[in-house]
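Structures given as C-alpha cells follow.
Here come two complexes built around chain A, the first alongside chain B, the second alongside chain C.
On to the complex of A and B.
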C-alpha cells in the first residue's frame, strides 16, 4: 500500500523536497482511508455534533456527555472488520481493546461494551459459523478478563457477508467531569509510551483496512492481550487520580505515526522522538516497522518532567513498561530520530491533513427494480411459519452469545442483555440506557430510510426503558467508495441520519466510517450501525413479570412495509419491496407518549416492535414470561393488509405496552388527548400464542414449544451445524 | 459511622471484582473495608479477608495458580490458621484451592465456554461465618460468571467433604458439570469459604432480578459472627 500519484505530488509540494522512506510510511498510514477519512470527511460535517450535554474539547478520542452532578459518560464505537474476517478471535478481541482505550484516553473508566456482529448465512455456510463462533469467544475472552461487562448488542446474518465479518464494538465510560484529561502540553514536556511492547504484528493494519480484502495478510492482524490492557487501565486511572497526565492518546490504526502526529497537531505542538527508546518485542525491528506497527495495548502519554518519577512508580507497581520516547517541542514538527540520525521531519499539519477527495456519487441501478414486489402464494399455516421464524438465526434468542459475556461485573447492570435496551446505574442515582441497531436488509432497499429506521429503532429500544435519548454514535460501513453507486448509498444514509438527528435534537457524539467492506461476491449491503444513549433521571422501567389478564396495547400504525423484513427474506428468500419509512412527526409523538406513560408509572412492560413484526414481538413477551396470549387481529391499527402482512410487517414507531386492566381508563384518556394511534389488541392468558381474526384462529402455538425452539436454535446451530 | 469490622480485600494484578466487593462491604453493609495489594502485608488486626473475583495474571497457566504464589498469601494462610473468616469468590475461590487452603480443583466448565447467568444455590452448611444467618437448604438466586468453575475432587476428598460437612453451597440444577453440583466449600474448621457464584452481584435489589435478601445474608452472617 502506497500513496497515490496525486497524494505523493501533494506531499512533495507541501514539504518541498523528496520524502524519505520513513516519511512515506508515516504519511501512507495517516493518509489511509481508515485514519484520514479522506472520502467522508467533507460530508460528515453535516451531522449535528453539539447539544446541551455535549462536552467537546481538543484531543478527545470519545464522545463526552454531561450527565449531571459532576459526572460524565463517554462513548465510542469502532469496527474491526477486515482483521475479524481473517482471524475472528484475535480480530474481534483487539476490536474490543481498541475502543476501550479510546474511552480510557479521556480519563474515564470503561463500564460497558456492546457489540454488533454480522456474518454470512450460518445455516448453510460452515465458514460463517466458524467466524461467528470465534468472534464471540474473542470478545468474551477480552471483555471478561478486563472486567468490563458486555451488556448488549445485536447479531445478524445475511448472504452479503459471506466469507466476511462485521465486528462493531461500542464502549461506554464513566467518570468525574473534573478528572477528564484536558489535553494540553508545553515545550520540554516528556512523551511516554506505556504498556505492551511494539512488535511486528499489525504492520500496516490501517492500510489493510483501507483496501479490499484480497489476501489474508496475517501480519497486519494484531494480537490481543487483555491482561496487559487491564493493568494499563488501572495504572492510567491511578495516574489520572494523581494528576500525572497532561495529554493522552491510544495507539490504534497507524500506530505511533498516527498517535504522535494527531496529538501534536491537536495541541499545536511538535514532538521529537527517538525510536531507540521504544520498547520492542523483537530486537531487529527497523524504524519504519516501529513507526507503523499496530501492536495492541499501548498508550501515549504527555507529562511534565517533574511528574515522570511518580508515573514510573505506578507503572512499576503494575509491572507494565513505560518508556520516555521523546519530548515536546514548540515548532509543530514531528521529528523521528534513531539515535542522532534523523529519519523523518514533517510538519504535523501536513501529516494529519490528507488531501480530501470528492468522490462521485450516482444512484445505483439495482434500486430501480428492487422496490417491486412479487406476488406470493398465500401461506396456509401461519403457526408453522411463526415457529420457523422463531428458530431463524436472526430472530432466535441470543443467549448462546450473551451467556458467554460477563454482563454483571461492575454491578451496574440493571436491565440485562436479552431485553430492548440495556440499562446501567450511574453513581449519581441516574440510569443510562444503551442500544445499538443496524438493519442492512432495509438499508439495501433504501439507504436513506433504512438508516433512519436503525436510528429510530435504537431510540425506541432506549425509550422502552423510560430513557430519553441524549446522544448517538454511528458506524457507517460500506463497500468501495471509489464506486459512485456505493458512495451514493453512503451519502444517502448519512443524510437520513442527519435529518433524524436534527429533528430529534440528538447530537452525534462519535462515529466511524469504514469503507472497502467487500467480499469475493461484491460489496456488503450498506450497513450503518447506530448506537443511542438515553438518560433516566429517576427510575428505569425494569422488566416485570406479566400476569394473567394483563392487557396488550399497541401504539402505532401497521403498514404494508415488508421490504427487507425477516418474513420476506427468511421465509420467501425474496429481497425487495417497500422498506419501512419513519414519519418523523408520528415518531416523536409516539416516543413522547410512551415516555410519559412510563414516567406516570402506568406501564408494566414496554417492548419495541421491530424485526419479525407484531407476531415476533408478542411471542417474545409470551416466551420470556411463559404465558400465552389472545390477540384479536382485527383490532390492530393497520392499512388493509392480509393476515400474514399485518403479523410480520416491520413498520416503525410501534410499541407494545403491557398494562394492568385497572390503568386502562387513565391510559386511554391520555392517548386520546395526545391523538396517538393505538388499540388494545388482546390480553395475556393461557399457554398458547393465539392470534385470531374475527374469532377465526390464524396462529395457535404452544408457548412451551415456541420457547424451546427460540431459546435453543442458535446454540444448536453453532455447535452442531 | 462505619461498623468497626475491618475487612481486607486482596487485589492481585487482574482482579476485577475488587471494587464491586468494596462497594458492597462499605456502602451496603457499612463495614470498614480496605484494599491490600498482593505484594503488601496483612495487618494482624484484621477481622476478615476477601479474595475477590477476576482474572489474576490473566488466568495464565491455570486460573488462580500464579496469584496463589503471591507474597500476601503467606499472611492469608496465617490468618486462616488463626480462625479468621476468609471468603474467596470465583477467582478468589480458585486461588484458595491453588494455594492449598481448600481441597479439590476447579476445571473448565463442561460446555468449554464461559458461563454468565443467574442460577439458584442451595445452602448445605449454615454454620460457617458466611452462612450462619441462612437456613439450611435455603435457595439463593445469584449469578455465576466463569470459564473454569467446575469443581472436582477425587473420591476420598469428596467423601471427606461430605463427612466433615464442608460442602457449603450446591447448585439447584446442573450448571457446569461440577462434581456433586458443588458450588462452594469450606475448610475443616469452616472459617475459610470458597464459592464460584458472586454474592456481591446479588445483594442490591436494583440489580437482582428476583430476590436480594438471601445473598445479603452471606454478608450479614459475617457481621453477626464478628461484629456482634
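On to the complex of A and C.
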C-alpha cells in the first residue's frame, strides 16, 4: 500500500509536515484508484446526471429516482472482480453484500439484485468453469439467505477473461421519499459503527483492486455472512422508521478510513474517532489495520445522544453489535485516537481529494488492423450452424444460472428472468423494468459505438416490457489506465454513453469505474456494463403464449454489421469487422413506436434482436413457446446480404413483435404513419424452425431438438465439462 | 496392497472468519449457558477409502486429488489429512 512520490509530496505540502504512519495508510486507502477515481473523475463529469425524476442529496451512495405518489426507487452498481478472481464464492457473495448496503444507506429497502458475470472460455478452460460455478453459487447463497430476489442479469464468456472474473452486481431499492436519510449532522452528535466486527479480512482490498492481479493477495479475502447483513437491513430500516439516523454510510473499499473521511467531507463536519471503541474480532489488531480493514457487513451511522439509546435498543433486539466510536466536531478534521494518544489528524478535504491525474490517451494500434473482414467460405448447412450457436455458452439458455437464484421472494417479480428485462411491481401500482447489458466483443472493435450499443440494448430490453427508460447506471471496466491505449478506450466509451444519454435524456444516476482489470495474458476487453431502469405507469407487457398463425413483425433495418458478433467469433473464431452502429434518430423512432403499440395493447410479445441476430431471437420465441415458425427471409428489411449475414447480423434498433392477425391493419397503418422501417416476415406454425428465401429452404430445425440443446447445454458444460 | 481410510478435513484458514462457527457459538452454545466454550470452528470432512501400497502413498494420492480437483480453494481454506489402517 503506497503513495507515489508525487502524491506523497502533495500530501506533505497540504499538511505542511511529515505524515504519521497511520495517516499514510488512511490516505493511501482513500487515494487508491478504487476510492478516489483519480484517473476518471475529471471525465465522468461529462455524463448528464440530472433529470426531472432524479433526487440528489449530499452523501447518497446510490442513485435516487422519484417514481411518484411519494415513493422512490434507488439503484446502485458495483463490481467485485479482483476478489472473485481468487475466491469466486466469497468474492461474488460479498459483492452482493456491498451493493445492498449502498441501497440501504439512503434509507430504502433492497428489493432486487441483478448480476453481470463474465469469465474465460468455459468450453476449454476448467479454471473458468470453476470460477463461474462458484461465483454463481456465491451470489445465490448470499441473495437467497437475505431474502432479496436476484431477478436478472447476463452472463458472457470471452478469452480475454482467462483466469479472471468480472462480477458486477446491481441492486434496486424502494422506499418512501419522506423516509430518505437526509444526511446531516452537527457538533457533538455521536458516530456509531454497527454490524459485523472488524478483523483482518480484506485488509488492503481497495489497493488490491487497484493493482494488477499478479500474485494472490490472501489478506484481501472477505468472508460473507448474509445473516448479519439481513439483521443489519432490518435494524436499520426500523431505526429509519423511528428517525434515529441523521446520516449513514456503508463501509466498503478502504474501510473506516474512507467512510469517516467521506461522510465528514460531504457533511462539512469533523469526526473524532477512538479506535479502542471499535469492536474487533482479533485481540492484537493495530490502529492501521483497524482503519483500513474491509471486514464486511458494517455500517457507519451518525445520530445524536438522545436517539442513541433507542438505536442501541434496536441493535440489541436484532443481536447486532453497535459501538459508539467517536463524535462529530465542527472543525472539518478527521482525528484518529487510540485512548488519549493521537495517531492521525488530517483535514477531511485533503483525505478525500486525491490529486487527480491527466492520463494520456492514444488510439490503439490494433484498431486499424481489426476493422477489415476476412473472406469466409460460404456456409453450407445453416441449420447445423444455428444448432451449434444455440448450444454456445453465450447464447444458450441461462436457466442453470438463474435457476439457482430465488427470483420471486418478496412477491414483486412480475416478469421473471429469462426474458428481455425483469419487471418489479411497486407499491404505488406502477412497475419498474430493469436490465443490464454489456458487449465486450463489440466494445473491443469500437469502444464508442460498442458502449452505445450496450446502452441501446438495455433500453430496448426495458422497452420490450412497455417501460420508458428513466435512468441508467454504468459500470466501466477496463485494463490498466496508465496505458494510453487503454485509457483511450475508456474515454471513447464514456463519450459514447454521454452522447446517447443526452440525446435520449436518460440521466446517469450512478456508476463505478474499475481499472486494472488485467489477466496474465493482458488487459481485458473494454467492458462497460449498462443498467437501465424503465418505468411502466399502467401495466407491463407480460409475455403471452404464442399461438398458431400469430404473425412475426420485424421493426428496424438489418445491416452488414457482424463485427464482434457471436457468428463471427463462435463459428469462425474471427475477432474483427464492423461493429453495429446505433443511429440515434432511428433508435428513438423505433423505441417510441414499440412503446405506443404496447400501450395500445396491440402486441402479444415484444422481443429484442441482439446477440446472435434474428435467427437466435426468433428461435428463442419458438423454443420458449414450443411452436415452429415459417419465416420468409426475402421480406426482412435489409441491405443486400448473404443469407447467413442477414440471419446473424447484430444490427441495433430492431424488435421482433408477435401480433394477432386481427390487429395487423391497425399496426400497419400506425407504423406507416410513423415512417418506421418494418415488415411482416412470417408466422408461427408447425413444429419446425423454418427459414426460407423465395421458397428455397435455408434453415429447417425441429423446435424440440433446438429446445433440448438450448436449455441443457450450459448446465451440461458446467457440470460435466 | 492395503485399503486405507483417509479423512480429509477442510476448514477456513486460521485468521479467516468462520460465520458458521461463530453463529453456533453465539446463538446456540453460549445461549444455553455453556459459558466455558470459547471458540467453535466449522469444517467439512470427506472420508475416502483407497487401496495403495502404503499409508504415505495413500495420503499423498488424496492430497494430489484434493489439489487437482479443486476440492478446496487454497486461498481461503486449508486441509488436513489423516490415514487409518483398517
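Throughout what follows, the second predicted complex is superposed on the first by the 721 of 721 C-alpha atoms of A that agree within 3 Å, B and C clash if a C-alpha of one lies under 4 Å from a C-alpha of the other, contacts with A are read in each partner's own complex, and residues count from 1 in each chain.
To be clear about the criterion, a residue touches a chain if its C-beta (ideal position, glycine included) is under 8 Å from a C-beta of that chain, and two chains touch if they have at least 3 such contacts.
All values reported here derive from a predicted model rather than from experimental measurement.
The superposition on chain A brings chain B alongside chain C with room for both. When chain B and chain C are set side by side, the one touching more residues of chain A is B.
Annotation: apex chain A, arms to chain B and chain C, angle 60° (C-alpha centres, rounded to a multiple of 10). Look at A:414: by the touch rule set out above, it reaches chain B but stays clear of chain C. Legend: residue contacts after superposition of the two complexes on their common chain; A:200 is shown touching chain C, with no touch to chain B. Touch criterion not met for A:492: it reaches neither chain B nor chain C.
Once chain A of one complex is fitted onto chain A of the other, the partner contacts of A:569 are absent, as it touches neither chain B nor chain C. Of the two partner chains, both chain B and chain C are touched by A:227.
In the composite built from the two structures, the nearest CA pair linking chain B and chain C is 6 Å apart. Common to the chain B and chain C contact sets on chain A are residues 225, 227, 319. Interface of chain A with chain C (complex): residues 86-87, 89-90, 130, 134, 199-201, 216, 218, 221, 223-225, 227-228, 281-282, 295, 319.
For chain B in complex with chain A, the residues that touch the partner chain are 13-14, 16-17, 20, 23-24, 37, 53-55, 57-60, 113-117, 143, 145, 147, 198, 200-201, 204, 206-207, 209. Residues 137, 140-141, 144-147, 225-227, 230-231, 317-319, 402-414, 416, 425, 542-543 of chain A are the ones that touch chain B when the two sit in their complex. By the touch rule above, chain C contacts chain A in their complex via residues 12, 15-19, 23, 26-27, 70, 73, 75-76.
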